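This report concerns only the one structure given below.
Order of writing sets the chain letters: A, B, C and D. Residues in each chain are counted from 1.
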């Protein structure tokens, strides 16, 4: 189940390498995300660790994203992350160039092409509006603008630095009219999400706000209400 | 099920990022490896891709190794491989510093410590006898000497360059009397394996010789016979 | 002495880590480049190794470029290449993201900003027209399109794949109307250079064609004639 | 002028990428180091940035070290640091694997071999006694133990953590009886240096303690007195 076909906002929950969202707890959290999404008719996706993709993907029907792939073909690449393997495990997409896993420009392009080749959706991240417009030229399905200085800060990009979001939307549209635009960093409340959508974002990436929350279900419900209010 | 407690040779089958050993075929191959091992009372392990660990580990009881881990604690490390996650998926160990995934010396040490902390066995690879002796100082459970120029060559290190194996055994023993010593590169026949054991190796790593074989079961059986002949 | 102010084509001779263009031979080659450039009123620059910058820059007046800088401020960064140090040695610019020294997208941007901060010209390289347009968004002084598969091949990008050059010019102009556009890879003759200029390139990067030539003076003279013919 | 032949302590002043020790100030500082060394008959060396090597080496006769080299042969390696180039610029040695420029284990070995091939002395750094013993197996001329947590701290390894130094000496001797053993991190006073020598170090690496000092000459004099007292 892809996300490209929906005009509704897309919310990706990034599990990072949090213990709170690893192993069995990855499956549990993914189920909660799916449940709240279904109840409220909101499009959520989850990005668990590589080792959790198979179990998460067999437990839920919402889109599952890898957090990274390597720009390699099948072959002798011990210890690398092969796009085909990610897909076989049940993922429908992958994050590329997250600020915690920056890669070379040439590899961003190669990863987008590899993913497209085998039918994985792509979200390429960038930390500034300029770089977001640059990566949009590699023609991924989605671009995510996430200022690294706000990631994990609890201060939402859409509230603290709204101009980064609106500026990114404008610049990205200048290089790629079709890419879906996400934003992220510090988003923890419905208000943060609502503000992001109002600024032109077509979705968000949220990590600790959900994955480290004591009440992820409440946060997800609040996000859902914000989406419904926006639509 | 660990491997450190056995005095018998240990044979790790590295699935690399071969399509022939990915997804469902990873599970099938792991089952074949387990079956041949059980029938012949030979200790095999498998090292599938990250995304396949969970499914392989739930299908077989033999040791499952990750092909790599990152030297990170739990936290905000999107796209990295967390030791805890590898273990939660069912792996009992990990390969570190494979020649196709070389890491910094400081990270070899950090990975060995992280793995030990949470109870994962470790196999640290090195390409020369000198470097094998060096990595043995980080006190992993196993050290694997694999000359990169012979990897995937079909020319076995134990036949083509037997002195590398014997020299490694001697040098590794000089820095670490307890570590289990494996060798690898080009091993495809029972003779290759037998020669390796005769030279002092206490196990081997085999990749394409099994994973890309049209008859993996035959190759594994031949390996088993070589082990039984050696014991 | 910068290059940005000239509307004439700019030809950068990349000395790479060729022994033929290192140490004293770097100084000699730079002198030949300068001499031919002056005699024919053609704008040349040279990019020697880091350790040769000071001696080359004190021997010639043409622009000297570093082959790379690191995206670091002054401080505790042992073994890195500081923009200020490159400039103090006499360089007036730097190459960034050469295909033999690819860096992360985030670092391309950081290097361009660091260089601009202290007054170094920048040439950012990219291997495809799409990526050339992407790096142009970081607003360097120059962008160089160099398809890696043709680098060092002796087959000129401007003759073998003219559409790459024209396509790059068009795409780069779409993201940055002011950047100077260079091309490179396989350029060894005056004809190759002339073709590049005709396709819209405003300069070229040449390495082995000059640095490994037995008669660099002849090659440089041929280049100069091609420039004069074009103007 | 090498350092391997002296049984006297060797003190390397690492200029890092400090502005206070770059460009002309690198030459000035190197001259001060040389002057104090000569007056007091103490063996000093300096490790300026790549771009400063040529000017420093032509201004002083004491050993000049590069801060890093890349494990490459001459050829098409734009932006890399070639051992031959470092030597041609006047360096007599190179630091390898500084904690601010960690490299892969395989590259430590390759760098030591490349340096030896062309006659550059080598100092391989490591952050723990165990890793210091490991790198000693690559047979460099010197091994430097520098706990990263104390680098730049002003708290000397030899005073704060004397057991790290003595332990390193013992472990390094276990793998390599001939290598010269240096220590570093936080050394700023004559007492710190004296303590290091007493613990078995045969030299030290000092960076900010000299390079960022307002009175480098005094610090160097104090170091010299400590050496003379020790001998």
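We take it that contacts are C-beta pairs under 8 Å (C-beta built on N, C-alpha and C of every residue); 3 or more make two chains touch, one makes a residue touch a chain.
The model shown is predicted, which means the values in this text are computed figures rather than measured ones.
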Smallest number of contact steps required from chain A to reach chain D
2
Give me the C-alpha superposition rotation for chain A onto chain C, in degrees, nearest 5.
180
Where the centres are mean C-alpha positions, what is the separation of chain A from chain B, in Å?
34
Rounded to the nearest whole Å, what is the centre-to-centre distance of chain B and chain C, using the mean of the C-alpha atoms as each centre?
46
Where chain C touches two or more other chains at once, the residues are 99
Among line, ring, star, complete and other, the chain contact graph is ring
Considering every pair of chains, which are in touch?
A-B, A-C, B-D, C-D
Sites on chain D touched by chain C in the complex:
14, 16-19, 22-24, 47, 49-55, 66-68, 72, 74-82, 84-86, 88-89, 91, 95, 98-101, 151-152, 207-208
Within their complex, state which residues of chain C touch chain A.
97, 99, 102-109, 126-128, 130-131, 133-135, 137-138, 174-175
